[in-house]
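I'd like to ask some things about the structure below.
Letters are used for the chains, namely A, B and C, taken in the order the chains are written, and counting of residues starts over at 1 for each.
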Amino acid sequence: MQAIYRVAVATFHEAWRRRFLNAILVFAVLIIGSSWTLTYLQPGAELKLLIDIGLGSIRFFGMLIAVFLGVRLISDEIEKRTIHTILTKPVTRAQFLLGKFFGSLATVLSNIALMGIAFYVVFAYKGSKFMAQGSSEASASGTPGISTDFIYANIAKAIGLSFVEMTVLTAVSVMASTLFSWIIAAIFSFFVYFVGQAADFFKSLANPARGTGFGGQLVFNFIYGIIPHFEVFDMREAIIKGTYVGWDTLGMHVGLGLVYATLIMLVAFLAFMNREV
Amino acid sequence: MDLSIEVEEGTIFGLVGPNGSGKTTTLKLLLGLIYPTAGTGTVFDLPLGSPEYKRRIGFLPEGPYFYDHLNAVELLAFYGGLFGMSGAALHERIEQLLHMVGMWDRREIRVRNYSRGMLQRIGLAQALINDPDLIFLDEPTAGLDPPAQMEMRRLMVDLRNQGKTVFLCSHLLKDMEPICDSVAILARGVVRRQGSIRELLGGESGRFRLRVAGGNGLSLESLRDRSLDLKIEGEEITMLFANQQQALAAAQEIANNGGTILELGAQTRSLEDVFIEAVAAGGEE
Amino acid sequence: MKKQRGLQVIGWLVVVMLVVGLQPLSNAVNYRRLVLGMKSPTPLTKMVDFDPTAVTGVIMGAALGGFQGVAASMLWMKMEELWDSGKGTWLECLNVMRTVTLLDPHWLEPWRITGWHLAYNLYVETKDPKLQAIYLAKGLDALKEGISWNPNTHELYLELAWTYFDRVRDYENATKWFRATLQFPHPEFVERMIAHAYERLPDLDRALDWYDYCLKRNPEDGTAKGATTTIRLRYLPAWRLMQAGKYDEAIRAIDRYLEVEPNGTIALHVKAHIYEQAGREREALDVWRLAARLSALDHQARRKANELAAKLGVTLLPSEQAPSYFLEQMEQPRRLEVPRRRER
């Protein structure tokens, strides 16, 4: 456990010193901040726009950070041979891998937390203005266009689900890092993420009613079964409709994410076990 | 690959061989970095690669890389932490090691600004953080300037004198010869020669070497007849005689003829000679 | 090493087990999301035919991951430029609108404009009645699809109701959709619109009820006051007589108003209605035909005339005919076919 912790801390510190990632964070916060002024783009749907930009940024930039951090984790260590002085200490490969994973996860989550705070601040100030407007039965553009029930709670939960989503994505990119060079690993990770976002689409493609042949059905069903369903972590609809998302529902989502992450890290370990360093 | 090596505790052992001989593979196997396709290995009666085994070894890789955003103290603290060391004990050990490798005054500098020599020093320090019984060093003097090489050799001898076993891997035979107690020569994955330095270099071969310059009226023909080998390099002539008497006689003759004796002594073999022989022999098989 | 190999085999077995065991959990989560309405169905599943635009929309949506809203806005601005400059054709604009609604289905404005664009602009662009009917139907469909995406807010219900009221002159559907609007915070004129629609249907009792409600809500409501007075003076006497079964007297009563105002649309509708109630369909037909002739926009009259003519076996003049497909499309609410998904 000590070993995992030490490696994780070292990874965390190293990650925070990467200028590239810090730049992404700064950019993300700027974009979120800019939504303050962009509400004119969708008159009558200002709240929705704020949420779109805010949550969208968190997910998009979180994705960039998770992938670019994760894909270099293992391959860099092997290329630069820094791994040699670590694996010759009493650290098993599993401990090393987990330490790298947790270290990069902590980095990703701390970045998301910062973005989440920025978003919350923008929303609390700017959003409240539009919500106040909408409470009167005024003309068409006076309403906020979306339901404001449970909105703050739902936004917090949505950010929480982003945490889980990025945990799964970090696992994917770490796994890719154990298998490929960092460029291939990055392409692989983005591919898995985007396909995972449209998992339902693949499921619908597999529907024989669409005229898909048997081979096609097999392929699409296989993709649907294997790829992590990243779309599941999206709470946009719930926020817009003002649905109450209970803790049990949230728990199911979190549980699913953790199972995904465990599974993927297991595959990563199996791949890393025998890799020549 | 049949590799049997005998290493005596508390000595400096050298594993030499040309590129591609399997040195690195052997080292990685011993370190538990790669796994054998068949068979098992034990050191200290512990299985290779087990955490208990790793607690008792240290490793300085060739051309080492470290997390370059750390300084010497932080780096050693990280490695020490991997052994479960912490607190005052860890800091004491770090201080001790940094003094030992001569990095104490430069402990605040970040690794990314290190010279080659500094990297080797800190590399040795991290290899010793856990006070290991067995230390593996891969090409420890490669790329260092002569003073630094001497320093490194001195450190290795110190370690041996402390009772530790030092396992050296190198192709720089001139560096290995003065400090190694025993050596194994590896070629194509097979140990060609193994033994103490004294054994390998064969003591006195009985032959004598004479190197002269100048000398008029010398009969090269007669010298060539009397010697086992004669080489002319510019002004100098180098000859090999079967015994001391013949060498002395020739030397006297040349001196009488006005020549200068540059060198006269028993011919011993160098490690390089042994190495070339062993590798060549391996090539023939 | 045997141990390693063994560990690997076990490891992969566990992986397979987890993948298989994941499915029920994944299904459970998806079901919960469906039930709570957390799932955003992809536009693709709402379409009958494989629509390339929809596919692009889905992929772009997935790729942009939340920036769809901004992308949609940018595209919308581009389209507005196109329109204002007069360079884009109506159909080009329509494609862009469609893409925008796919990218960001929760943004109401594009749905409204798309519906309006189809039902109004494209409608008048063409002289072909067949195309006109299609555009009108598509306009209504677009609004209905927009409602399916945004059922919890009044805007699109209102737009649809208005389109039925103003464009299609289908007052039955108009009242239905105006009433749907009442579920949500809505502008205060909606209740009046309901009354107006009933007035034109004609269903004077309900019309009066709604005007009454408007007056109770706001005694200063000039429109409601005026309308109530109008109804009472002009049409109510005839209406009451009709309800009492005194059809001839009712006709005479309404005719008295029509002498003063021969083109009075509502009066004509009331008269036709009286004839229908009396079972005098031939005469009703004549009144509907007259109303249709007097006002080109009175689609209700035209529809009713066609209905009755068909029933009575009367041949109408070509100019009076509403093409059958127009009738079909107007009379039967066009159902948006959604392929059934196999969910638990």
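Everything that follows uses one rule, which is that a residue touches a chain if its C-beta (ideal position, glycine included) is under 8 Å from a C-beta of that chain, and two chains touch if they have at least 3 such contacts.
All values reported here derive from a predicted model rather than from experimental measurement.
Visitor: Could you leave chain C out and let me know how the rest splits into touching groups, if at all?
Guide: one piece
Visitor: Would you mind checking which chain's mean C-alpha position lies nearest the centre of all protein C-alpha atoms?
Guide: Answer for the innermost chain: A.
Visitor: So which chain is the furthest away from chain B, centre to centre on CA atoms?
Guide: Most distant chain from chain B: C.
Visitor: Any idea how many Å lie between the Cα centroids of chain A and chain B?
Guide: 52
Visitor: Using mean C-alpha positions as chain centres, tell me how far chain A is from chain C in Å, no decimals.
Guide: Distance between chain centres, rounded to whole Å: 39 Å.
Visitor: Using the average of all C-alpha atoms in each chain as its centre, how far is it in Å between chain B and chain C?
Guide: 90
Visitor: Taking each residue of chain A in turn, which ones touch at least two of the other chains?
Guide: 274
Visitor: Which chain C residues touch at least two other chains?
Guide: 4
Visitor: In chain B, what residues contact two or more other chains?
Guide: Answer for chain B, listing residues that touch two or more other chains: 35.
Visitor: Sort out for me which residues of chain B touch chain A in the complex.
Guide: Result: residues 31-35, 51-52, 54-55, 57-59, 61, 63-67, 69, 78-79, 81-84, 123, 126, 130, 136 of chain B touch chain A.
Visitor: What part of chain C is in contact with chain A in the complex they form?
Guide: For this pair, the touching residues of chain C are 4, 7-8, 11-12, 14-15, 18-19, 22-23, 25-26, 28-30, 32-33, 36-42, 44-45, 50, 58-59, 62-70, 73, 77, 104, 106-109, 152-155, 158, 185-188, 339, 341.
Visitor: Taking the complex as given, what residues does chain A use to touch chain B?
Guide: 2-3, 6-7, 10, 13-14, 17, 80-82, 84-92, 274, 276-277
Visitor: Which stretch or stretches of chain A touch chain C in the complex?
Guide: Checking each residue of chain A against chain C gives 38, 41-45, 48-49, 52-53, 55-57, 59-60, 63, 134, 136-140, 143, 145-147, 194, 197-198, 200-201, 204, 207, 209-210, 225-226, 229, 231-232, 234-238, 240-243, 245, 249, 252-253, 255-256, 259-260, 262-263, 266-267, 269-270, 273-274.
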